[in-house]
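You will see subunit A twice below: alongside subunit B first, and alongside subunit C after that.
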Partner chain A sequence: MYNPTVARLTYRAVLGRRRAAILFILPALLLVMAVAVRSFNGADDQIAASLLGGFGIAAMVPLIGVIAGTGAIGPEIDDGSIVYLLSKPLKRSSIIFTKLIVAIAVTMAFSAIPMLIAGFVLNGNGQQIAIAYTVAALVASIAYSAVFLLLGTVSRNAVVIGLIYAIVWESVFGSLVEGARTLSVQQWALALAEDIAGEGLVGSDVGLPLAIVLLASVTTLATWYAGRKLRVLKLAGEE
Partner chain B sequence: MTTINIEHTSRWFGNVVAVNDVTMTVGPGVTGLLGPNGAGKSTLINMMGGFLAPSTGAVTLDGAPIWRNESVYRQIGVVPEREAMYDFLTGREFVVANAELHGLGARQAQAALATVEMEYAQDRAISTYSKGMRQRVKMASALVHDPSVLLLDEPFNGMDPRQRMQLMDLLRRMGATGRTVLFSSHILEEVEQLASHIEVIVAGRHAASGDFRKIRRLMTDRPHRYLVRSSDDRALAAALIADPSTAGIEVDLTEGGLRVQAVDFGRFTQLLPRVARERSIRLLTVSPSDESLESVFSYLVSA
Partner chain C sequence: MSTHTPGPAPETTRIHNIGYRNYEGRRLGRAYVRRSLYSQSLRGAYGLGRSAKSKVLPMILFALMCVPAAIVVAVAVATKAKGLPLEYTSYAIFTQPIIGLYLASQAPQSVSRDLRFKTVPLYFSRPIERSDYVLAKFAAMASALFILTGIPLVILFAGSLLAKMDFSDQAAGFGQGLVSVALMSVLFGGIALVLAALTPRRGFGVAAIIATLTITSVAVTVIQEIARATDALDVIEWFGLFSPTTLIDGVQTAFLGAVSGFPGGQGPGTGVGVIYLLTVLALIAGSYAVLMRRYRKAGL
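Here is the complex of A and B:
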């Protein structure tokens, strides 16, 4: 299923674009804030949880997911260079699977690792907060990558739609409308963090079993559907 | 011996019919797909390349459907018209990647780069290439698995004369060794020089098929129309209509000249200056009024 050549091309495409700067800026911002908070306030579990949850999980992870997930396939479809992958005896599903792995790896690397470091900087993993949010970032990376990869496959405005989802749905809408929070990758990931971290520091609106089921099914469905869409992809810009 | 069969195939996009009930067989040798821009050549090539489903009909490679069948790419090499091609890679990296996607390696990639004579620039980024160099690297990527079918969409666009000649030589060699080579072009001369067989597509329909002599004959034996202005249009008209090479003359008052329809091209081109000289009529304008490719093709369609 995994094709190393497709992976190599995808890594270079994702990391070689100007957009990739966001992949470096957001984690750097988190680390800077962590260092600043720690040096001004000292170690505080509550503040650590707010920063990792409020900025890390709510903003950084979805934004990196958008860049990595849509960037893994969107630009190739836009400019037509995907034809060089499609004109090969490769299963379409293995192209999608490989790109998913790349998107997940990039999202994890740029979100979970800084999350872990920031967590240790903030309170030295007190109450398991660093580990809890790192796990949340890892699982969210998987689901976001799958969803945004699908978005990149079906829409030419994937980045915009992805940003709207990440910002409007996950943060603004989710905080106003109760039901919207159940359908949020962020809440599913937080359900895991809630289970790991000390009592009362992490909250999620979704129970752990439901969260796991939703994470798994969204990831699987999005990947399957992206593979299907790629099989019948019309190369745009032809006559 | 690999053959692409197109049977009663149509393709429409919404209300627009891009390809209309086309039936043709593309066999070994070099075939030129000739037609004006927007005639449906790319749509047809995209269906042969498996990038587009026929709306009706069947497009097959040695009997196997091409649409949604990835295994055909073991035999098909595709040179797309579009420019985009992983510009951040070097030429060599790009061709090696294409080889690997076929389960091959650096050796085959190097051979393909040698075939298109791009070794000298293989370590430069593709983003620095000229259009002709891109075209050749695209060609190398399509040749890397030694396909029996090669599909090229407008391959000569943007090439300089020398590159054009090189590519023509290469395609001729491939055709001569029994491969099935199909390329599209809107330039008759290009197709004539290279293709042993020509398929003409106009407005989505299959207009003509044959070797270049047959196509040329279809195009030159048609009635030619000229706009002629002279010092004495009516006297000239009387003299011309007396000859059987002229089928009709109309005095065009808005243009201030004659619209002459000639049926015997060779004879008419000699008649006109002779008649003018004999009657001391000065010819001010002689311009073919329907030489545009579209009108040639529209003639072919109605024939």
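Here is the complex of A and C:
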């Protein structure tokens, strides 16, 4: 299933030149904020949780997921060079699987590692907060990568659609409509964090078993459908 | 083809006049090109004159901007309220995520495609200067944004008059709101165009614009909240300088009688407000300068 050559090419596409810059800026921003807050304020569990949750999980992880997930396949479809890959004797599903692995690895590296460091900087992993949010980031990385990779194969406006989901659906709708929160990757990931962290520091609207089932099914479904989509891919011109 | 024996050219060779004529009409010139570029870019920002597919997103976002205003007006008229439940100036701050998404989807459409498909040299083969192209694109993006943020204010104003609220109060608020969204349109439009022009690849420019407009404002708000929680109230107004949204918020709090959206309403006073205004103007001038620099080697 996993093809090292495809993986190498995808890594080059995702981390190439300027694209990597934005992947570095966001975690750097989180770390700077963590250091600033710690030096202003000292260690505080509540503030650590609100910074990691409010900025890290709510803004940083989805954005990195969008960039890595759509970046793994979007530009190739966009400039048409995907046909060279598709004409090789490789299964379409294994191309998608490899690209998914790369997207997950990149998202994890750029979201979970800074999250862990920021957590330790903020309060030295008091009440398991750093670990809890890191696990949430790891899990969210998998689901986001799969969903956004699918978006990359479905639409040319994948990044915008992904951002609309991440910003409008999860943040704005999620804060207004109770039910919208059940259908959000962020809440599913937080369900795991809730289980790990100390009492009352992390809140999620979804129960843990339901969250795990939803995470697993969304990831598999998205990957399967992306593979199907790649089999019938039509290269359209610029609109 | 048979080989000719070299010799003197036959004397029958001659150039015929087959009736091509020179153009002797009026040349439309720079101003016309600039105007066309402006109007085409402005129409393009709403998908007009482009495929049906590319109309969907800007129109949806435009509708999303107007719907809350319409709801507010409907509620105000139905309950016969004395004033609108929200200020004109706070509307754009409240809908900032939608504005960010609109810019992220349309600014790359406006400039990135010309760069990606190397059509910029074709523009410059016409009698225009670099500044014409940059100014036209800049003005078009700012106008598109002004329409996006101004129309909801018009709806609010019209609604407040329908609900027979005090005219002078509402007119003053409406005026302040328009000034604030005009400033916001130029600032945001400039920043978005710079990012889009520097990142011609599809998708990446979108992410860069969102990161700059929305993520910085999230980050600043989180830091301000933390500062408030630790009673460091006087640093709140300084952190506002670090994101475009809070910059506009600060300027309108200081000069346009807005209620600050900063945590605890700790908006800047007039003194710090001047720094806010200067920063905004510097950013606008800076984005124009960067755009001019970007197009110095157009097509590369």
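FYI, the second predicted complex is superposed on the first by the 235 of 239 C-alpha atoms of A that agree within 3 Å, B and C clash if a C-alpha of one lies under 4 Å from a C-alpha of the other, contacts with A are read in each partner's own complex, and residues count from 1 in each chain.
We take it that a contact is a pair of C-beta atoms (placed from the backbone, for glycine too) under 8 Å apart; a residue touches a chain by one contact, two chains touch by 3 or more.
Nothing here was measured: the structure is a model prediction, and the numbers come from that model.
Contacts of A:Leu122 after superposition: neither subunit B nor subunit C is touched. In the superposition on chain A, A:Ala36 contacts subunit C only, with no contact to subunit B. Using the contact criterion defined above for the overlaid structures, shared-chain residue A:Val232 touches subunit B, although it does not reach subunit C. In the superposition on chain A, A:Leu190 makes contact with neither subunit B nor subunit C. When the two structures are aligned on the shared chain, A:Ser171 is found in touch with subunit C, with no touch to subunit B.
In the superposed pair of complexes, A:Ala72 makes contact with neither subunit B nor subunit C. Of the two partner chains placed by the overlay, only subunit B lies in contact with A:Leu85; subunit C stays clear of it.
Contact comparison for subunit A: of subunit B and subunit C, C touches the greater number of residues. Looking at the shared chain after the overlay, A:Leu9 reaches subunit B, while subunit C stays out of its contact range. Look at A:Val135: by the touch rule set out above, it reaches neither subunit B nor subunit C. Annotation: subunit A residues 238-239 touch subunit B in one complex and subunit C in the other.
Against subunit A, in their complex, subunit B makes its touches with residues 18, 38, 40, 42-43, 46, 49-53, 68, 70-71, 73-74, 76-78, 80, 82, 84-86, 88-89, 97-98, 100-103, 141-142. The touching residues of subunit C, counted against subunit A in their complex, run 50-51, 53-54, 57, 97-98, 100-101, 104-105, 113, 117, 198-199, 201-204, 206-208, 210-211, 214-215, 218-219, 222-223, 225-227, 229-230, 232. Interface of subunit A with subunit B (complex): residues 3-6, 8-9, 12-13, 16, 79-81, 83-92, 231-235, 237-239. Within the complex formed with subunit C, the residues of subunit A that make contact are 18-19, 22, 25-26, 29, 33, 36-37, 40-41, 47, 50-51, 54-55, 58-60, 63, 66-67, 70-71, 74-75, 78, 156-160, 163-164, 167-168, 171-172, 238-239.
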